[in-house]
Each structure stands twice: as C-alpha cells, then as structure tokens.
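Listed after this line are the structures, all set down as structure tokens.
One chain, subunit A, links the two complexes that follow: it is found with subunit B in the first and with subunit C in the second.
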Partner chain A sequence: MSLKDISTSVPKKDHKGKVSGQLPYISDVKVENMVYGVLVRSPIAYGKIKSIQLPTLPEGYEAVGAEHISGPNYVKIIQEDQPIFANEWVNYIGEPILMLVGKDLNTLYRLLDEVKIDFEEHQAVYTLDEAIQQKSATGITMASYEFGESLENISAIEQGAHQIIEEEYDTGYQEHVYLEPQGMLAIYREDEIVVQGSMQCLYYIKNALISALDCGADEVRVVQSPTGGGFGGKEEFPSMMACHVAVAAKAVKKSVMLVFDRSEDMVVTTKRHPAKLNYRTALDKEGNILSMCVDIYLDGGANAGLSQVVLQRALINSAGVYKIPHFHAKGYVLKTNTVPNGAFRGFGAPQSFAGIESHIGHLSKLGNFDPLEYKRKYLVKQGDPTITKGIFRDPILVEDMIEDLLTASQYKTKKAEFQHNNPQNLRYKKGIGTSLFLHGCGFTGSGERDHIKATVKLLKSKDDLVSLKISNSDMGQGIYTTLSKIVAKELDLPYERVLYPDPDTKEVPDSGPTVASRTTMIVGKLLERAAKKLKTQWQSGVEQEAVEHYVHREMIPWDEKTFTGDAYPAYSWGVNIVEVEVDTLTGNVKLEKVYGNYEVGKVIDERIMKGQIDGGLAQGLAYGYLEKMTSKEGRIQQKSISDYGPPTAMDVVSIDSKVFDNPYADGPYGAKGAGELTLIGGAPAVQAAIEDALQTSFQQIPITPEVIIESLWRKEGEGD
Partner chain B sequence: MIKFTLNGRIVETDAPPTARLLDLIRDEFELIGTKEGCGEGECGACSVFVNNLLQNSCLIPIGAIAGADIQTIEGIMETEQFKLLDESYSNAGGVQCGYCIPGMIMASAALLSNNPHPTEAEIRDGISGNLCRCTGYNMIVDAINLAAKKGDGLWQKK
Partner chain C sequence: MAEKITAYRFDCLEQTLSQLNKEDCAIIAGGTDVMVLHKSRRGVPPKILKSVVFIDHLSELKQVNQNQKDLHIGACCTYSELLEHALIPVALKNAIKSIAAPAIRNRGTLGGNICNASPAGDTLPLLYVYNAKLRLRSVNGERIVAINDFIQGPRRVQRDPNEIVTEIILPSVLEEDAHVVFEKVGNRNADAIAKVGFAGYIRINDARIEDVRFAFGAVGPTMVRSLNIEKKLVGKTLPLADSDIAEIVADFDKIIRPIDDQRSTAVYRKIVALNLLRYFLSLKQYQTK
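Here is the complex of A and B:
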C-alpha cells in the first residue's frame, strides 16, 4: 500500500493479532523455570514495622525483601522517597513490604494470609483538606511553585474592584481502568535480567533497574509486551513492579512473574491526583475580569512520584485558554498517607480545565452573559503572551472551531428551546454546555533538551525492509501504525515494508518515554528526519542505518524556579459542546449529543485520530459525572470496576467530531500532540450542560446523582 | 474427571470442579485468546460460548460444564462470521489496545447470531457487558453495524 495523503487511514499493524487474541500480552507468557510473585502489603496507613513473622514456607517458596536489594532501596523516578520494599516505615495502605515467590499462586495467596506483621501505628494524614491545614509542617509539602503578577499589584486592583468572587472547586480521583491489569516478568539468566511487561517507558524502567540492582547497563534489558491500555497508568508505576520482579529473580535465581488482579490493581496503583482549586477574581461593574488569583492543591499521596511535574502542568494551564489581565497562581503537591497518585492522560490539565471552565462559566452568569460569548471575549490570540511569559507563536483557530461547532450543534436554538421547555417538564431537564481547551504538546519546558535527549534509529535490512528502532510503546494509541506511515511516506516505500517490532532496550536507543503527547510530534519528527537521511543514502540490497538526535528549537528559555518562559513548543486546541438530560427524580445524567472540534496540526491517520477523540472524550466526560473513587482513612473504597463505574456502551453516544488542519513546522507532516487533548474538554462541558439544565452551579466533579439530588434539595430549601 | 467439548473436540481434565473455566482454558489448554480483565464477571474480556450462550468464563466453575459445548475465540477463528467481524473491526477502527477485543468479538457474534439486523440501541445493549477503555465504543458499534450490513444471510439463527 502506498500512501498518497498521510491522513488517509490504513489497516493497523497489530490488528490481526489483537482481533484473534493470539498476540501475547504479558499474562499470556510462560517461560521455563518461572515462579509467581505476590506482594505482602501494608494494612496500615502510617507506622513503623516492629516485627515480621513468616509462616513456614514450603520447599521452593521464598520471601524476598529489602535485604535482597543490591542498590539503594528506592524506585528511581525523580525523588528518592519511594522504597522498593518498605524498610522500617510504611506510608500508605498497600505499600509493598515483601514478596513471596513460588510455583503455585493459590499456595502463595494462602501463605500471604499467614504472614504476621506487628506495627507501631502513627497518626496518618488521610485527606487533602487535612494536608492543606498542615502544609507548613515538615514533609507535607512535596513541591510548590508561585508565579505571575505581584500580590501587591493585585491587591491594589482588588481595592478598586466592583466585586470580588471567590470559589473553591474540588476534583476527585480518576482510575485508569486499562483493560489489561499491570503485569511484569523478570526472566533470569546468568548474565542478564530481562524484564518484560506492560509499559509505556522502557528506559524509565531500565534506569530504575540499573539503580536497584546496582549493575551495568548491559546486565538488564527491558522489553515491551503488547500493552493493553496505559493512559499514564503504565508510565511510572511499572518501574516499581520491574524492581520487584528483578530483585526477586536475582534472589531466587528463577524467572518471576507478577500480575495484578483487578482489585489489587485498583487499590494500589497510581491514580489521577484529587485536587482543590481556589479562585479569587476581581470584577468591574459590567462583570469584566480585572484580576485573578488561582491556588492549586494536589493530593500527591504517600510518595512524590511525578507529582511535581503534574503540578507544573496544572499551573501552566490554570488560566485555561484565556488572556486574563493581572494573573497570579501558586500550587502545592501535598503528602497524604494514601496510595501515591501519578500520571494520567492530561497530567494535571484536566483538573485545571475543569476548574477554570467552571469558574469562568460562573462569572459569566453573574453578568448575565452567555457563557460561550463571555469566554470568547478572553480567548488568547496568536502572539499573545502565555501566563508564564512565553508566547502563543502559531496561528490559533479556536474562533473558527467555535463558529463551526455552533452551527453543527445548533447551540443557540437548542439553548433557547431548553430554556423554554424545561419549566414545563417537571422531571427531565435538558441542558447544553461548552468547553474550550488546549494541550501543551511534549515535555514541559526544556525537558526534551535537558532530560530526554531522544535518539531514533532506522535500520534497513538487505532485503530493503526498514525497521523503526525506538523505545516508544504502542499501548493502543496506534503508533505502530502512525509512525510507520511517516517513515513509509518519507521513504516512498509501501507501508507494509516498514516494520516496528516490540521495543527492546538491547535493540533500540532511548527515544524517550511514551508520554506527554510527545510521541507523534517529537519522535515522529525525528523519524521523518532519519527517513530523509536514509533516503539520500539508500542503496538497495545493503544493510544501512540512519540515526537522528533531538534538536531543540530555541524559544524563551523555561526557568522552573521563576516559572517563566515558553512552557511548550506548541499547543493543540479543542472545543466541546455537550447536551444532557437530567432526571431530577434520580439525579441521573444522560448524554444526548456530544460534539468536538479539534486542531492537532495535521492528522496522521484519520481513523486513529477518531479513536483518540471518541476514547478520550468518553474518559473525560465520565470524569465529570460518572467515575467516582474515594478513599476512607487511607483505604480506596472502590475495589471493582462496577463499584467505580467507567462508561459502558450504554453510557456513551455517537460523537460528532471534526479536525482542523493547521500544520506545525516542527511536527512530522505538521502533526502536533493529540492523545491527551481529547480527554480534557469532557468534564467541563458536561458540568456546564448539567448546570444549564438545572440552572444551578456546582463546585466539584464528579457530579454524581447524589451531588445532583443534594443540590436540588438545597435549591428547594432556598425557595421555601 | 470432567469431560466436555472444547472448540469441537472432546476433552477431559483432572482439575478440581471449583477451578475457573477461564484458568482451565488458558493454563491447561493454552488458549490465550480468552483474557482476564477483572475476574468478577464485570468486563467481558473472558467471554466464551457455553452451549452457544455468551458467558464470562471467570465465573464458571468447571464442575458446571460437564458435557457442555465450550467455544473460545480460537474455536470461531476459521468461520466466515469471524472473518467478517475481523474485517469490519479493521475498517471501522474498533481496535486500540486490543485486550477487550476477543471478548468483544464473541459478544458481537452472539448478538448478530440472535439478531442479524440490530438497531444502534440493540448493539449498545448487546455489548454492554463488555468493557472497553480505549475506544469509547462508537467505532466498535460501527464495526458491528458494518458486519450486520455486509453479513446479510451469514448471521441467520442456527
């Protein structure tokens, strides 16, 4: 198949193996001399281990713990605060203390119940509210940033303001629910440990293993298995599992498999950070914004993980897509004795956009403006500064996208119709809401240049087949297909002659992790360049390779300390409109229509892009009204999928979407990031629609039936 | 000893009657197309046919399947119906991470065998026991719609 237009869809590279189920995910793999591992976990939220009493272990069964770790006892991520196996203190319920390994899983589960651990319990911090109260106490604030206009200036503006509006907004946990639970296998060999499993970031894992095993780079090897969904959940978390199985394999000299069942996965793996966002906005008489202060608190859980980077993205997005005069923001990641929170599609941005879209919507109502018209007054334009004193350099098409979507959705007609009909329909109320959003593509600031330093390689065989040698994971988002297309088109080769084998660190250079909507834009561009190079040197029948390294485009340098500069090289944009029907008797929300317009530079494969839109929106909408996870005294309360409630086919409706072309010079064929963007607009649009239906305001997501019923009761009380 | 038919072949096992059908299929008969997503009958990744009825194999103790006719994705892989679903899922873009897909294919086949021309609402209902976290379902719904249209006659009730 030759590729005329890069956007035209092609069959996915991994379709056959997936549709037949014959593609082996990690839990489908069995190797010689393999034992299973199960983790002994902390049953308490905070305390000291006094003693551990193991049951008599049958022959072939062993316990592995901190004493078996050759290197330092932490999972190498950013901070050094996450033990591989708890040493003396435990900091959250579910923290791994020991691993039991042996042949039979049922025997292991029985033994697990017989392990006795004595603890000295200490007072834990269970909630974000408690942590906020104690934020100046030692060890509670794990990261913080502050930037923007000086508070003195803002205070002066507030003095002269007509009114000051303060709002507090809360967002809950979100659980990834990738359909394939986490799984990792360490294959034991005399001279190397091969770690294979479900993952997004091969070199994060490799670096964590080199540290934990205190070994040379050639003694560990990381291979990605087909990965059944990631959404950020397989970004940093698998590094810990990889350390567990690798340390155990070294200790028992056997291959060790660790696969979570669903309840273990739901209770102990990272989640989207619960957040509290405080807004303080000064308005003039006409309702115009004079200044705004935003404070963001993220519940980091018990370990730092990637939380500081999540906070950065939350803050950078704290003004949404708006040019707010006199803006100030600060943010904190706070430690609680709960399961560590981490990467999740959107990475801090979904919390910020839910908050700012909600707040701006509420401000518009104060001045009796239509929310969308009010938002449009403040929309950033090309050339405008960002809130971190960077610049929106490229053309911004959001106005066109809004206009188009207004027509497609008949927004104004619908809004008037609902306003007219709702009072007559006592039980069911309809509403329509919008969201405007962007996503900064790639790593924040100079991360690509300073930390990642990506390298890609193309390898041509004697029979002129070209293989992609990169460390990026296809976890369902389709990069086996899209990146192969970019290379095939550049080389003028049939798509079938470009191969993308499962990445293996023995074969591939570090092209960076599969995160941050960077893969297509950054790695894709490097591959495009490598393909151009290979093309000029092409000799049929000869083995050849082409290597390319990341080159940084100079912008306004990012300074993490002052929180200034260009935070991202480029931005992708989106507009959503959502129609709902709310049952005021039960509080149930039914989606009626969902619209989305997006701008991602250039689409590499239309069908794959539509898959990202539909899937991202389903997650984003559900984050706003359906998916609810809570923690009580440090214990996650939802241990099964149905307790938690991700959408089924019955909850979702057909999505009317369109993608606008706006090629970006530094992306392959003009492409920017797309994967995370699609999630971000869901929750704020669904909130706005519910508010429109009920003519009320909410200060939280998810807006579950309970929240709706409570608000209706309150409203009724006020009416009396 | 429990005897049953697996993908058209009579087989027997010494596994205890409380063992899960899912484990038996995967571990003893080494058929990996049936996946475990939740182990609690909530996600449908382990869907199989038991006497032509769609069931979650994680909820079935093998003591309950003596004499039954069990079909897994491997058992239907050579059929015209599977080939049509394969092609429709590809054309509609219904596959992302793939983990739910064998179960989804089983559910699709079950739906179309009972109702060769389902409405969109009937399709959504038919796959509502199968979770997918990647696609938001719409492209899977399209795939089933496509298979229904193209497969006129192929899905007649047995």
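Here is the complex of A and C:
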C-alpha cells in the first residue's frame, strides 16, 4: 500500500491480532519456572506497622518484602516517598506491604487471609476538604505554585469593581477503566531480569528497576507486551508493579507474574485527582471581567507521584482559552490517606477546563449574555500572551471552528426551540451547551530538552525492511500505524515494509514515555527526520541505521520557579456542542447530539483520529455526568465496572466531528497532539447543556442524577 | 489444583426432580447470578459447595402458553427468547430490554431472576403488579405460590431443596385492558443494577378505577407493595384530585425506606420512587396494552 495523502486511513498494524482475539496479553503468558505473586495490602489508612505474623508457608511458597530490596525502598518517580513494600508506615488502604509468591493462586489467596499484621493506627486525613483545612500542617502540602498579576494590583481593581463573584467548584475522581487490568511479569535469568507487561513508559520502569535492584543498566530489560488501553493509568503506576515482580524474581530465583483482577485494579491503582477550584472575579457594570483569581487544590492521595506535574498543567490551563485581564492563580497538591492519584488523559487540564468553562458560563448568565458569545469576547488570538507570559505563536482557528459548528448544530435555533418547548413538557427538559478548549502538546516547559532528550533509531535490514526502534507504546491509540505511516511516506516505501516491533529496552533507545500527547508530534517528527536521513544514504541490500536526537524549538524559556515562559511548544484546539434531555423525575441525562470540531495541525490517519475523538469525548462526557467514584474513610466504594458506570454503547450517541487543518512546522506533516485534547471539552459541554435544560447552575462534576434531583428538590422548596 | 465438583444435566425434568429429592444441589439456569455469587479472585474457578444441576435445557421449562386469559411462562425461558415471543406483554418486554446487555439476556432466565431474589431484581416490580404466581414442582407433586409470598428477603425464597420453580403464571394478563408502566432507573443504559424500579398497573372503566397496583424495587429488602394503599383508590374517577395523589404519595413515603450504598443514596431513591408514583397517578390519559 502506498500513501498518497498521509491522512488516508490504512488497516491498523495490530488489527488482525486484536480482532481475532489471538493476540496474547500479559495475563495470557506463561513461562517456564513461573510463580504467581499476590500482594498483602494495608487494611488501614494511616499507621505504623508493629509486627507481621506470617502463616506457615508450604514448600515453594515464599514471602517477599522490603528486606529483599537491594536498592532504596522507594519507587523511583519524582519524590522518594513511595515505598515499594511499606515496612514502617502505611499511608493508605491497599498499600503493598509484602508479596506472597507460589505456584497456585488458590493457595496464595488462602495464605493472604492468614497473614496477621499489628498496626498502631493514627488519625488519617480522608478528604480534600480536611486536607485544605490542615494545609499548613507538616507533610500535607506536597507541592504548590503561584503566579500572575500581583495581589495588590488585583485588590485595587476589586475595590473599584461593580461586583465580585466568588464560586467554589468541585471535580470528582475518574477511573481509567482500561480494558486490560494492570499486569507485570518478571522473567528470571541468571544475568538479567526481563520485565514484561502492560505499560506506557518503558524507560520509567527501567530506571525504577535499576534503582530498586541497585544494578547496572544491562542487568534489567523492559519489554512492552500488547497493552489494552492506558489513558495515563499505565504511565507511572506500572513502575511499582515492575519493582514488585523484579524484587520477588531476584529473591526467589523464579519468574514472577502479578496481574490484578478488575476489582483489585479499581481499588488500588491511581485515579484522576479530585480537585477543588475557587474563582474570584471582579466585574464592571456591564458584566465585563476586570480581574480573576483562581485557587486550585488537588487531592494527591498518599504519595506525591506525578501530582506536582499534574498541578502545573492544571494551573497553566486555569484561564482556559481566554485572555483574562489581571489574572492570578495559585495551586496546591495536598496529601490525603487515600489511594494515590496520578496521570490520566488530560493530566490536570480536565479539572481546570471544567471549572473555568463553568465559571465563565455562570458569569455570562449574570450579565444576560449568551454563554458562547460571552466566551468569544475573551477568546485568545494569535500573538496574544499566555497567562505565564508565553505567546500563542501559531494561527488559532477557533473562531472558524465555532462558526462551522453553530451552523452544523443549529445552535441558535435549538436553543430557542428548547426554551419555548421545555415549559410544556413536565417531565423531560432539553438543553444545549458548548465548551471551548485547548491542549498544550508535549511536556511542560523545557521538559523535552532537559529531562527526556528523546532519541529515535531506524534500522534497515538487508532485505530493505525498515524497523522503528523507539520506546513508545501502542496502547490502542494507534502509533504502530501512524508512526509507521510517517516513516513509510518519507521513505516512499509501501506501509507494509515498515515494521514496528514491540519495544524492548535492549533494542531501542529512549525516545521518551508515551504520554502528554507528545508521541506523534515529538517522536513522529524525529522519525520523519531520521527517515529523511536514511533516504539520502539508502543503499539497497545493505544493513543501515539512522539516529535522530531531539531539537528544541525556540521559545521563551520556561522557569518553573516563577511559573513564566512558554509552557508548551504548541497547542491543539477544540469546540464541543452537546444537546441533552434531562428527566426531571429521575435526574437521568440522555445525550441527544454531540458535536466536536478539532484542530490538531494535521491528521496522520483519519480513522485513528476518529477513534481518539469518539473515545476521548465519550470519556470526557462521562466525567461530567456519568462516572462516579467515591472514597469513604479511605476506601474506594465502587469496585466493579457496573457500579462505577462508564458509558456503554447505549449511552453514547453517534458523534458528529470534523478536524481542521493547520499544519505545525515542528510536527511531522504538520501534526500536533490529539490524544488528550478530545477528552477535555466533554464535561464542560455536558454541564452547560444540563444547566440550559434546567435553567440552573451547578458547581461540581459529575452532575449525577443524585445531584440533579437534589438541586430540583431545593428549587421546589424555594418555590413553595 | 481446582477441586472437583459434581454436575448433573438430565434429559428431563422428572430425573432432575428425582436427583434433587436425593441431594441438595445448586440449581443453575442461565448461571448469570450463580456464577457471580460464587466468583473467586482472578485465576481461581468459582467455588460452589454443593453439586450443580443444570436446568437451562429442559424443554418442560421453556414453554410459553396461554391458558384461558392467563399467561404461563416456562421458568427457563431466557430473556432473549421472551423478547421474541408474541404472547409476552409489551411492558414485560420493556422491562426485559432494560436488563444487562444481550450476552446476559441470552443466558439469564425469568425464573432465575425470581429465585435470585435480589432487592434490585429487574423484572420483579412488574411481576408483583401482575400478581404473578409461581408453580413449584417436586417428586411429591406441585404447588402454586404468589410471588410476594415466595420471595422472603434478599436472596431468600420459599423453595424447598427438592423443588424447582417450573413456571411463572401471570393471571388474566391477556384479557384486561390494563395500562402498565415500568421504569428502571440505573446509573447507565445497559449493564446497570437498578437504583430504583417502579411498576404501575391501572385498570379503568369509564374513568373509574377498577384496579390499581404499584410496586417499587431497590428501595427495600424486597419489592414494596401495599394492598391497603392501593384499595384507597379503587372507585375513584380520573383525573385524580391533587389531594388523593398527595395522600397516596404520603402513604408510600411512610413505608419506603431505602438505604445508602455504592450505587446511590437513600434520599435519591426515595424522592425518585415517589416522583415516579406521583407522575403515574397524575397522567391524564392511560393507554392500554
């Protein structure tokens, strides 16, 4: 197959294996001399381990714990606060303390029940609200940043303002619900430990293993196995599981498999950070914004993990797509004794966009403006400064995208029609809402240059097949296909002659983690350059390779301390319009129409992009009204998919979407990031639509039927 | 290694009943509840402590037929089979469509839904307002019992170990021009466990109420139904006066006592249950069927 237009869809590289069900995932793998591992977990939220009493272990069964770790007892991520096996303090329910290993799972589960641990319990912090109250106490604030206009200036503006609006907004947990639960296998060999499993970031794991095993780089090897969905849930979390199986394999000199079932996965793995966002906005008589202050609190859970980076993205996006005069923001990650929160598609931005879109929408109602018209007044334009004193360098097409969507959705007609018809229908009320959003592509600031330093390699064999040697994971998002297409087109080769074997750190350089909507834009560009290089040197029948290293785009340097500079090299953009029907008797929300216009530079494969749009939007919409996870005294309450309630095919309607071309010079064929963008607009648009239907305001997501019924109940009470 | 279990799959009902008379077995129809109930953690087969007897294939339990104006439904008819059957009332089909998803509906049976006796059993509110009766058979003969007597509490039914529920009888369902409403409130549109279930049944003659019944699911240990409250409405004419509606709603307000759990709150369940009741009572017109 030759590629005329890069956007034209091709069959996905992994299509056959997945559709036929033949592709083995990690839980399907069995190797020689393999035992299973099960984790002894903390039953309490906060306390000190006094003693551990193990049952008599049958022959071939062993307990592995902190004493078996050769290196320091923490999972190498950013801070050194996450034990591999907790041996002194436990900080959340479910924290791993020991691993029992042996041949038979049934026996292991029985032994698990017989382990007795004595704790000295301490008073835990269970909720974000409790943590906010105690935020100056030692150990509660795990990270904080503050930036923007000085508070004295803002205070002066507020004094002259017509009114000051304060709003508090809450966002809940979100669970990734990747199709394949987490799983990791350590294969034991005399000279090396091979760790294989479901993952997004091979070198994060490799570095964590080198630290935990205190060994050389050539003594550990990380291989990605087919990965059934990640959504950020397989960014940092697998590093801990990899340490567990590798430490255990070393200790018992056998291969060790650790796989979670769905309920264990839901209860102990990272989630999207619950957040509280406070807005304080000064308005003039006409309802124009004079100044705005935003405070963001993220519930980090029990370990720092990646929370500080999540907070950075939340803050950078705290003004949404708007140019707000006199803007100030600060944010905190607070520790609670709950399951650690971590990376999740959007990485702090979904919380901020839900909050700012909600707040701006509410401000528009105060001034009797149409929400969309009000938002457009403040929309950033090319050349405008960002809130961190960077610049929006590239053309911004959002105005065109809005105009197009207004026509496609008949927004104005629908809005008037609903307002007219709603009073006549006592039970069902219809509404329409919009959201405007962006996503900064790639790592924050100079992360690519200073921390990641990506390298890619192309290897041409004697029979002129070209293999991609990079450390990025295809987790369903389609990079096996899209990155192969880029290389094939550049080399003018049929797509079938470009191969992308499952990454293995023994074979591939570190091209960075598969996160932050960076893969197509950053790694894709490096591959494009490597392919160009290989093409100029091409000699048929000869083994050849081409290597490329990351080159930084000229930007205003990012300073993490002052929180200034260009936070991202480029931005992708989106507009959503959502129509809903709300059942006022049950509070159930039915999606009626969903529209999305996106701008991601250039689409590398139309069908794959449509997959990102439909999947991301479904996940984003559900974040706004459907998916509900709660923690009660440190314990996650929803342990099954049906209790948590991600959308089914019966809940999502066909999504009407379009992608606008706006090629970006530093992306392959002009491509920017797309994976996270598609999630971000869902929740705010569905909230706006529900508010339109019920002619009321909400200060939280998800807006579940319980929230709606409570609001209607209160409203009815006021009417009496 | 997994322990061995004994499983029976007899050719006919007689043999099945005869075995049940000798041995207390776990009965599996579709298995969609039994397998979940006995599920083990990953990699370990379900632990069922008794011998298992399969009844899903028994043709004696898969018939649907009409007897006078009564409808007889074989206990092992799957939901999918009932959806296809011409005799099954529309309201029951609507209730069945709200259950799980096609894969489960291909296995799950109406008899199974009853014997599982979940407080949130999807078809139960409707079967209660149909005044459903169950035929139970054993080697000693058979008996017929009303569904509300049969279901005693969560996962507790009045079935002797040697008995099988063979059919569900919906009395007079094929005769009356009753209007029947079923509402399932779940957290999503498929594969959801009911947070509230409601069934309403009304038969009118010239705007005069001849018979009216209500049942609520997932708001108590078993379905909530009250003949005393229902009786108050018999003889009244439609549309009902606001004061009559308020009285009925207030009566149910007293006897509906839901709980908080991982799926919803007591407050929500109660408000929604009463909303659905009030809405049913306020309808100006009822369409039959």
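Throughout what follows, the second predicted complex is superposed on the first by the 720 of 720 C-alpha atoms of A that agree within 3 Å, B and C clash if a C-alpha of one lies under 4 Å from a C-alpha of the other, contacts with A are read in each partner's own complex, and residues count from 1 in each chain.
By our rule, contacts are C-beta pairs under 8 Å (C-beta built on N, C-alpha and C of every residue); 3 or more make two chains touch, one makes a residue touch a chain.
Since the model is a prediction, treat every value here as computed from it, not as a measurement.
Enquirer: Under the stated touch criterion, which partner chain does A:618 make contact with: subunit B (first), subunit C (second), both, or neither?
Expert: In the superposition, A:618 touches subunit B alone.
Enquirer: Please work out whether A:22 is in contact with subunit B alone, subunit C alone, both, or neither, and reply first, second, both or neither.
Expert: Once the two structures are laid over each other on A, A:22 reaches subunit B alone.
Enquirer: In the superposed arrangement, which partner chain does A:648 touch: subunit B (first), subunit C (second), both, or neither?
Expert: In the superposed model, A:648 contacts both subunit B and subunit C.
Enquirer: Which touches a greater number of subunit A residues, subunit B or subunit C?
Expert: B
Enquirer: Considering only touches as defined above, state whether A:608 meets subunit B (first), subunit C (second), both or neither.
Expert: first
Enquirer: Quick one: is A:14 in contact with subunit B, with subunit C, with both, or with neither? Answer first, second, both or neither.
Expert: First partner only, subunit B.
Enquirer: Based on the superposed arrangement, let me know which partner A:586 touches: subunit B (first), subunit C (second), both, or neither?
Expert: Touch status of A:586: second partner only.
Enquirer: Quick check on the output: what are the common subunit A residues between the subunit B footprint and the subunit C footprint?
Expert: Residues common to the subunit A contacts of subunit C and of subunit B are 261, 641-642, 646-650, listed in rising order.
Enquirer: Quick check on the complex: what are the subunit A residues that touch subunit B?
Expert: It is residues 9, 11-12, 14-25, 27-28, 176-181, 226-231, 261-262, 475-478, 607-608, 610-611, 614-619, 640-642, 646-650, 652, 654-655 of subunit A that touch subunit B.
Enquirer: Considering the complex alone, what residue numbers of subunit A touch subunit C?
Expert: 36, 104-106, 109, 259-261, 264, 427, 585-588, 626, 628, 630, 637-639, 641-643, 645-651, 704-706, 709-710, 713
Enquirer: Can you list the residues on subunit C that touch subunit A in the complex?
Expert: 1-2, 40-44, 101, 183, 185, 187-193, 195-196, 262-265, 267-268, 271-272, 275-276, 279
Enquirer: Help me check something: in the complex, which residues belonging to subunit B touch subunit A?
Expert: Counting only subunit B, the residues touching subunit A are 26, 32-40, 42-43, 45, 73-74, 77, 85-86, 89-90, 93, 95-102, 105, 120, 123-125, 127-141.
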